[in-house]
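Next up: the structures, one after another.
After this come two complexes, each holding chain A, first together with chain B and then together with chain C.
For the complex of A and B:
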């Protein structure tokens, strides 16, 4: 699959063509100054001048709450009504980390059983990524996933270069989409390709990562949740769950019914393993009552268990959990300390 | 079960409700799905539309199909709502889910069943199946305890099991009283007192996590190897199909990789046994 060049002047036409494939979702600057992905934006409102959005694109595939089905009680039972199929999504301007989050969720939601809601949206979606020319200081996507040099989860990756974008088709679907709008794309010249390589090199160099992730699975086995390290690590955490809610690669959800007694709906919503009720069972038994134990759970899941189960670290290096944690927990600092920690044995 | 959507329950009628203890009832429900086939140790997701859904162990052996038993302790929102139901009313179910007890591997072995409280419910299908195929298994020893004599479940069946061939039943209660003239004391202590031999034996236990912890220790002391000890783990489950992420323990999900695990497997997953808090 070949890389093509899209002149900046053709972007609007291309996006208009893409709108015919589904609801276009793109980053826009909100009144409060935050950048967020919004459906069906005017071209003039779309901005590409951002490091990353506060919220990842996960919510378009796993909404923070959604109806699994509607039900109605009838004589001798109940009727269940499934939701209607949704419009396909075309998401434009997705950062590498958020696209990689979809790769993680793809694995999480298809195992022995498949989640039909996520899978349906994902199957119908087109993901167009945008390379990061200036990663945020909290970013570590190259360190944890090698995303700068091996992007995952997107159909097309755009590299902003002088006068436009180099469009790299990462999937067959992406290649087909570029092929459909041949007129807008040109063959890239050597200069542009060189500029792209230099951009990648610069971005890789701008990131540093203080953790050797390959050492983590063994270390998690060595220092269980009951270790004093985790007790200390949990201190200061307010269990708000922002680290899960803003994570592009978190899958957990909770299910409950909303009903007037006769009819209602079964809904699911995001759940965070940092909530003290997350693992608590009816009857009151709780395997993880301490914050430190819940931190262990979250981090061991992402860095040890997901690699074992899903062959992938469930962290994309987006840095949101570092940037937005109200108690200033820094996952990289924690993991670094963890790897250096030696338990004092009596 | 809906082929493409694992979250959709189907209806099952309640045929019979038996009061087991002041807070446990057994619901016999009718499964109309001809493809339904569960094995001892599996569970299903029980729906009461409006109240919600929760995982419940199937407490009867497959031979009882097309009906199955759910022995339910009143402990949360859904179980509380189920307790209000009568025969003729319907519930929603989906399943069966989870890894069953490896009963094929236990053939010709002695079975030592150790239950506490409602923990006898998932063990009951083993006993029923072993008694049904009596010649396939060795001696059957059942050690069962509850807080008080009134809290013992399957009271009539316990008497039947006592009289079954090659079967010993030992009952104990934490606190005696009334007409109780049997053993008084905790299950792990009674187990040590009885001192069963690990020779050609599989020990299967289920009960409150604290009981399981002490039973594991007691069995180890009696030279049972971790491979010879089987238990079922409890963890907050939600979807039952390995998608909601709630019941993760190490790289396993209790709902699809368990709930049945050997002690050897648990030691790998949770070396400090924090999963059995």
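For the complex of A and C:
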């Protein structure tokens, strides 16, 4: 699959063509400067000047709240009506960390167990990524997933270069999409390819990763959640769950029936393992009452269980959990200290 | 005066003399533009404590779970929430050592990220210099403008704590403050009902119901929150502009007369909803109706725990008749 060059002047035409594949979703800057992915924006409202959105794109595949079906009591039981499939999605301007997050969600929702709602949306979606030229100092996508040098999760990756974009098809689907609008694309020249390589090198250099993730699975086995390390590590946490709500690779949900007794709906909502009620069971039993135990749970899931079961670390290095944590808890600092920690045996 | 140095010395003494079992303060992490809470027990750890214009977080939220007696580093504004906890008997005065710090103001959460003069990666340190906030970067020193401070700082009347056991940063002790200035509320009050509705529905369309506002609030100490109750279910966990707004309305009613306008909910909100406007509006109403200024006098009876015949709500209930 070959890289092509899309002149900046052709971007609008290309996006207009893409709109025929489904609902276009792109980053938009709101009045107060807040940047979010919005459906069907006017071209003029789309912004390319952003480090990343606060909310990752997973909400378009695993919506925060989703009605799975409506139900109604009838004479001999229930009538159930499943929600109708939606328009396919074309998401433009996705950072690689968010695109990679979909790979984690794929393993959870389209792997051994198939969730029809997620799988259908994902199958029909087209993901167009925009290379991150200036990662935030809290970013570590290269360190954890090698995303800068080995991008994945998107169908097409655009590298912003002088006068336009280098479009790299990462999937067959992406290649086909570029092929469909051949007229808009040109062959890239050597200068542009060189600029792309320099851009990648610079972006890699802007990130720092202080953790050797390969050592974590063993360490998690060694130090249980009851260790004083985790107790102390959880002390400065407010148990809000911003880390997991903003995580592109987090996937927990709870299911509620909202009903008036006769009819209602079954709703799936995001949930966070950092909530003290998350693991509580009938009878008041709670396997993880302490904040540190919940941190252990979240991090061991991402960095030990997921690689063992799903062949992938469920973290994409987007840095949101560090930037938006009310306590600015630093996941890498925690993991580094964890690897260095030696339990004092009495 | 070097506040951080002053703070470290005090903390070390308090811990080594056994006056407190733990101290809640601020420490630096890997990034010079963020501070993290530090909950220390060992006198040697006192060396990690700092106080800078990044000391935004209200540490009073951590008091309940800390080993007592606990020393807590508070700014004048944070102190108000601590006083409220004392009033509501959530903590005994003998269990808390108030380490008050004089404060010239703290930076907004995104002030450094959005400053066009430098990039976050260039920041080396953020310091207070004679009441001004300076950012030291690899490309030079920059003074931060006044509007880079949190809203509450720009109309602050509690730069120096008025109740403390230790005073860090020197200067005169503060006086019991009047009601906060409720910044921004008047502008919302001027809107028509339709404009208000449009404004808030727009803002709440961002809400992801993470509950960070509740979790970060030092006064949200209920063991069982009405938001989580399943039987009956008052609020669903759905993201829906009306449910979102309803959830916040419940919080507003529960915190009216108690909320001290510390702004922690707004600071914690990852999607930038201006929650302070809502809570400040309720606080303003309570102040206008009952003349009550929360979080000032530990001995005062909070407005919602007091009943007076002349309370204005009684008159309106009785159709304006006097008893």
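In the analysis below, the second predicted complex is superposed on the first by the 344 of 346 C-alpha atoms of A that agree within 3 Å, B and C clash if a C-alpha of one lies under 4 Å from a C-alpha of the other, contacts with A are read in each partner's own complex, and residues count from 1 in each chain.
Note that in this section contacts are C-beta pairs under 8 Å (C-beta built on N, C-alpha and C of every residue); 3 or more make two chains touch, one makes a residue touch a chain.
The structure presented is a predicted model; accordingly, all values stated were derived computationally and were not measured.
S.K.: For the three-chain model obtained by superposing on chain A, do chain B and chain C clash or fit?
M.R.: Superposition result for chain B and chain C: fit.
S.K.: Quick one: is A:309 in contact with chain B, with chain C, with both, or with neither? Answer first, second, both or neither.
M.R.: So A:309 only meets chain B here.
S.K.: With both complexes superposed on chain A, which partner does A:332 reach: first (chain B), second (chain C), both or neither?
M.R.: The second partner, chain C, only.
S.K.: At the Cα centre of chain A, what angle separates the centres of chain B and chain C, to the nearest 10 degrees?
M.R.: It is 90 degrees after superposition, to the nearest 10.
S.K.: Answer with first, second, both or neither: which of chain B and chain C does A:254 touch in the superposed model?
M.R.: A:254 contacts both chain B and chain C.
S.K.: Just checking: does A:285 make contact with chain B only, chain C only, both, or neither of them? Give me first, second, both or neither.
M.R.: First partner only.
S.K.: Name the chain, either chain B or chain C, that contacts more residues of chain A.
M.R.: On the superposition, B touches more of the residues of chain A.
S.K.: Looking at the overlay, does A:68 come into contact with chain B only (first), chain C only (second), both, or neither?
M.R.: first
S.K.: Determine, under the contact definition given at the top, whether A:225 touches first (chain B), second (chain C), both, or neither.
M.R.: First partner only.
S.K.: Check whether A:108 is in contact with chain B, with chain C, with both or with neither, and answer first, second, both or neither.
M.R.: first
S.K.: Is A:153 touching anything from chain B or chain C once the two structures are fitted on A? First, second, both or neither.
M.R.: Neither partner.
S.K.: Which value, in Å, gives the least CA distance between chain B and chain C in the superposed three-chain arrangement?
M.R.: 7
S.K.: Could you give the residue numbers on chain A that contact chain B in one complex and chain C in the other?
M.R.: Chain A residues touching both partners: 254, 256, 271.
S.K.: Contact residues on chain B for chain A in the complex?
M.R.: Residues of chain B touching chain A: 4-9, 11, 13, 49-54, 73, 75-79, 90, 92, 208-209, 234-236, 238-239, 241-246, 248, 250-252, 256, 270-272, 274-277.
S.K.: Across the complex, what residues on chain A touch chain C?
M.R.: My answer: residues 32-34, 36, 54-55, 63-65, 134, 136-138, 206, 210, 232, 235-236, 238-242, 245-246, 254, 256, 258, 267, 269-272, 275, 277, 322, 324, 326-330, 332-333.
S.K.: What residues on chain C touch chain A, complex-wise?
M.R.: 29-31, 34-39, 57, 61-62, 65-66, 114, 119-121, 206, 208-212, 214-216, 228, 233, 236-240, 264, 267-268, 270-272
S.K.: Spell out the part of chain A that touches chain B in their complex, as residue ranges.
M.R.: Per the touch definition, chain A meets chain B at residues 68-69, 71, 73, 76-78, 80, 82, 108-109, 111-116, 221, 224-226, 250-257, 259, 261, 264, 266, 268, 271, 273, 278-283, 285-289, 293, 297, 300-301, 304-306, 308-309.
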